[in-house]
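Same chain, two partners: subunit A is paired with subunit B first, then with subunit C.
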Partner chain A sequence: MADLSINLACIKSPNPFWLASAPPTNSGYQVQRAFEAGWGGAVWKTLGEPIINTSSRFAAVSFNGQRVAGFNNIELITDRPLEVNLKEIYETKKRFPNHAIIASLMVEPQQDKWHEIVKKVEAVGVDGLELNFGCPHGMAERGMGAASGQVPALVEKQTFWVKEVAQTPVIVKLTPNITDITVTAEAAVQGGADAISMINTINSLAGVDIHSWNTIPHVAGKGAHGGYCGPAVKPIALHMVGECARNPRVNIPISGIGGISNWENAIEFMLMGATGVQVCTAAMHHGFRIVEDMIEGLNNYLDEKGIASVSEIVGKAVPKYSDWGDLDLNYKVVARINNDVCINCNKCHIACEDTSHQCIDMLKDGKGNSILRVREEDCVGCNLCSIVCPVDGAIDLVELPNEFPPMTWNERQAAIGALGCAVDTVK
Partner chain B sequence: MSLIRISYEDLSRNFEEVEAGLSNREALEEANRCLYCYDAPCIQACPTGIDVPTFIKKIASGNLKGSAKTIMSANPVGASCSRVCPTEELCEGACVLNHATKPIMIGNLQRYATDWAMKNEKILFSVGEKIGKSVAIVGGGPAGLSAARELALLGYDVTIFEAEEKAGGLNTYGIVSFRLPKAVSYWEVEQVASMDVEIRTNTRVGRDISVKEILDSYDAVLLAIGMAHVPALGIPGEELAGVFDAIEFVKETKTKPITDALLGKKVAVIGAGNTAIDAATCSVRLGAENVKILYRRTLEEMTAYDFEYDFAKQDGVEFRWLTAPNKIIGHEGKVVGIECMKMELGEPREDGRRRPVPIKGSEFTLEVDAVIKAIGQSRYLDLIEAFEIEHDGGVVTINPETFQTTNAKVFACGDVIFGKGQGEAMVVSAAQQGKKSAYSIHQLLMPTMETV
Partner chain C sequence: MSDYQHYLQERDRIDYLYQKGYKISNIQENLEGALVEFQKAEEEKEILHILTAEGRKYFSVKVIQQNQ
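Up next, the complex of A and B:
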């Protein structure tokens, strides 16, 4: 059994799986059920002025009959009084002292308001604070949430105000609705944040009902943009985590959020620099019980790799994540089709023929059986064939021996510069 | 599939379609499982070349009208075929997922899409621009309907001469309703009729209208008359009450109120083709206490599809292999038993099938109340002769490329050309032959127009 416990900026939890600040962490009843199911921590649904929510609120995107490929919400922060939440946080922490409870907070960008709420929540025994600078709808229209998170100076200033009084670690939750997330991450660092978490939801409109022409969801026939999350946003989130993790000026731990649905996703985020992960949509889709497989799968993975502690994998893939200009232009892979495994659906052929480099031929072997073959001299190693192939092991991408030594674009440009060559060598 | 529950109180319930169609969710899941292969083998395996991945993709996208149209444009009797095709030998047998997981339920998806069109009363095709040529089609079964639809699309004035009260042929009258409800066949007929195809029912060519008149009045004629009644067994006792022709027997269950005449009775069915299975399973559903199929050869030589055989066994039908009838025994003009002989298989004959040889002294008698003959079908020899075209024992001679008979303006397809090593027995093959015949007629009458 590997050690699954984590220590994220001095917030300790028995495993890296936290529930994100969201509908699943709206009440003591829910968080306690989650802890019973095995979740290591929970970021309590954002506390602030009790506000009114709309009905309806959620929508999801199905893909090829699969539900909840992506998830969209227009729900705002807690709609329960602060006192009720604080009482339930206290009770929950008392019952589960070893589980992490982080209070998500959002108030108007005023020093006294931040001071007041920080003191109140720390008084009931939270393990940390998470500043919600990410909520993209509703609260943003009142100058909070993403409206704060999109202005680096506000991120820095509000973080600073919190840190003036906070006794517990402060995590700043960042919005992805910005051009370069490392800018706001740096602002959080400047403000004194102990950690950052990302990503909050992405501005979205889940859909339009093609019959009624209403937005999805709609509130009495009107819609507004919401926040997008779930499996579909994972690549976006992973990119942002990676960008922060490899930025030397963002030198604080990261709590990874965004479409994490299983232990494999969690490992990816941790390899890319997250110390722990937060989950919401997967729990909303399937219930808290999914954490059992997350814990077991992670543990089995670590055991099979001979890794004693999950913290050992944090950031291990970060050095491999770089800029396009640092990629070896002389590296070459080509596709090879294993006709023993291939079931002849010809999807690779038509994908290549219509949309890539026309290098997969449909042929007959000596016995008249249909076979597919890659003309390797024309293959650019784009991967498309193996992406559309429905059968594992039918297409391999094989590395070809390198005729030239490795050379990146940056090296190439540097070499040209060193030669003082004025000729434009770019074809 | 579990053993069927036969209702003895309400026999007509037993004739409701056995297999439930896919639910919306089932269809969506299955449609999404389809890989949407390029140059898919299922298309090649379908005699009518239905673009299977395309119609399945359209189910997945919610374009059910488009899906039904894709199916029906390739196969004008595609709704019937979704129920009666031996899919495991055709499209589903060719599915690439046979090599990975399990094949897509193509037949059931085809039924789902066409059921939708039927339920929503969709007319899928419109008539082509009239070109002022006329074609007579003799016989409104799968082959004739299919040809009529294609010719109507091309702009021909098409008249179908149908001897029965309704068109549809085998699909309307010959396939048991619990497999193929006649409403499905009627819908297909309606699709063809909606294209200005005149369907003259209750009109037997040679009786109600002369062959000469047809030959003189139309620019081309298509003979799609199928096959006739079950021939005589050639044994004593065939005239007794309680001896039935399987084709007529099945037809009655589709055209007349279900009776309790066989309730609690013992039935022997002679033959082991798909019609024999139909007769046997109908008998079970009519409340017969015991139904035996007597076949002079063995399981190996049986011509019924495997799924039909399984279906009959699940219905509790008993199979007596290597058993041939000697004579039907009567009492006061009614069947009371059948005397049989055991057979053994001798040397193979020219057709490769081993000849059954009677075992001397093996006679035995089965007590039965009804005997149903299902030993194949005879031919409309007189009608074929009246067209003065070449044939071989009722199997009309054709150019296999064009379906043209020895009379240049007469074409033939479907069961009328099936036999003696020529043609195919499946409904789906008849449909394809109908299409091809239509294109050949078009080629003959309008050689300058583009072919389909």
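Up next, the complex of A and C:
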């Protein structure tokens, strides 16, 4: 059995699976139930001045029968008094002393308000704080959440105010609703953050009912933008984690969030630099016990690879995540169709013919059977045929021997520039 | 003609000029591709209009080799 415990900025938990600040962590009952199921930590649903919610609040995007490909919500932070939450945090921590409880916080951007809530929350024994600078709806319209998180100076200042009084590690949760998340990540570092977490939800409207013309969800016939999460946002979150992980000025641990639904997803985030992960939508879709599969899958993965501790995989893929200008233009792969596996559905041919490089020919073999064959000299190795193919193993992308030495765009531009020519470069 | 066949022609033209002792002296890239100027002596210049992406990669490799 591998060691699954993590230490994220001195917040220790028995495994890297935390519940994210969201409806699943609204109460002591829920968090204790989650810990019983095996979750290593929980970020308590954001504490602040109790709000009033709407009905309804959630919507999901299904895709081709797959339910909850994406999830949208317009629920706000806690609607319960602070004292009620603090009492339940205290009781939960007392019952589960080895599990991580992090309090998510959101108040107006004023120093005294941050000081007040930090002191009250830390008094009940939380293991850390997470500053919610990401909630994109409702609270943002009141100057909090994403409205704060989109302004680097406010991220830095509020983090600084928290750090003035905080005794526990401070995690700054970042909004993805910004052009370059590394800017606000750097601001958090400047403010003294001990860690960052990302991503909060993405501005979204789940849909419009084509019969009633109401938004989905709607509240008495009116809608407002919400926050999008779930499997659909995973690539966006993974990119943002990777960008921060490879930025030398963001030199603090990362808690990865965004569409993590299974142990494989968790490993991806950890390889890309996350010390641990937070999960919400998958738990809302399938219940707390999905963590059992996550723990088992992660443990088996580590054992099979002979890795003693999950911490050893953190950031291992980061050096492989680079800029486009540093990719080798002379590296070449081409598609090869295995006709003994191919079912001749012709999807690859159609995709290539209509939308790519017209290099898959429909031919007959010696016995008159229909076969598909790639003209490798015209194939650019785009992957599209393999992506649309419904049969595993029918199309391989194979590496061709290097005809020329490796050459990146940046190296090319430098070489041409050395001739005295005007060139553009890509960073 | 396929892009690949077009590229082979461009590659042959570039190789031919190198075999003749020319070297790339200037490259002007624009919306139409690349105008690659080859020079052997002060007065001896040739310009190839390279259209294909593979051709642009090829002369880039030659430039890097030439600079080394």
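Definition applied: the second predicted complex is superposed on the first by the 420 of 427 C-alpha atoms of A that agree within 3 Å, B and C clash if a C-alpha of one lies under 4 Å from a C-alpha of the other, contacts with A are read in each partner's own complex, and residues count from 1 in each chain.
The definition used in the following text is that contacts are C-beta pairs under 8 Å (C-beta built on N, C-alpha and C of every residue); 3 or more make two chains touch, one makes a residue touch a chain.
Computed from a predicted model, the values in this text were never measured in an experiment.
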TODO: Answer with clash or fit: subunit B and subunit C placed together on subunit A by superposition.
DONE: fit
Open item on the list: In the overlaid three-chain picture, which partner chain does A:Ala153 touch, first (subunit B) or second (subunit C), both, or neither?
Closed with: neither
TODO: Applying the touch criterion given at the start, work out whether A:Asn344 contacts subunit B, subunit C, both or neither, answering first, second, both or neither.
DONE: first
Open item on the list: Per the contact definition in the header, classify A:Gly65: touching subunit B only (first), subunit C only (second), both, or neither.
Closed with: first
Open item on the list: After the superposition on A, what does A:Val84 contact: first (subunit B), second (subunit C), both or neither?
Closed with: neither
Open item on the list: Per the contact definition in the header, classify A:Glu377: touching subunit B only (first), subunit C only (second), both, or neither.
Closed with: second
Open item on the list: After the superposition on A, what does A:Ile387 contact: first (subunit B), second (subunit C), both or neither?
Closed with: neither
Task: First (subunit B), second (subunit C), both or neither touched by A:Ala418 - done: second
Open item on the list: Let me test your reading of the model: by the given contact rule, A:Leu400 touches which partner, first (subunit B), second (subunit C), both or neither?
Closed with: neither
Task: subunit A as apex of subunit B and subunit C, Cα-centre angle in degrees (nearest 10) - done: 90
TODO: Once the two complexes are aligned on their shared chain, state how close subunit B comes to subunit C by Cα atoms, in whole Å.
DONE: 25
Open item on the list: Does any part of subunit A touch subunit B in one structure and subunit C in the other, and if so which residues?
Closed with: none
Open item on the list: Considering only the defined contacts, which subunit B positions touch subunit A in the complex?
Closed with: 28-29, 31-32, 35-41, 60, 96-97, 99-100
Task: Residues of subunit A defined as touching subunit B within the complex - done: 64-66, 343-347, 349-350, 362, 390-391
TODO: Please name which positions on subunit A make contact with subunit C in the complex.
DONE: 329-330, 377-378, 404-405, 407, 411-412, 415-416, 418-421, 423
- [ ] Name, in rising order, each residue of subunit C that touches subunit A in their complex.
- [x] 2-4, 24-29, 57-58, 60-61, 63-64, 67
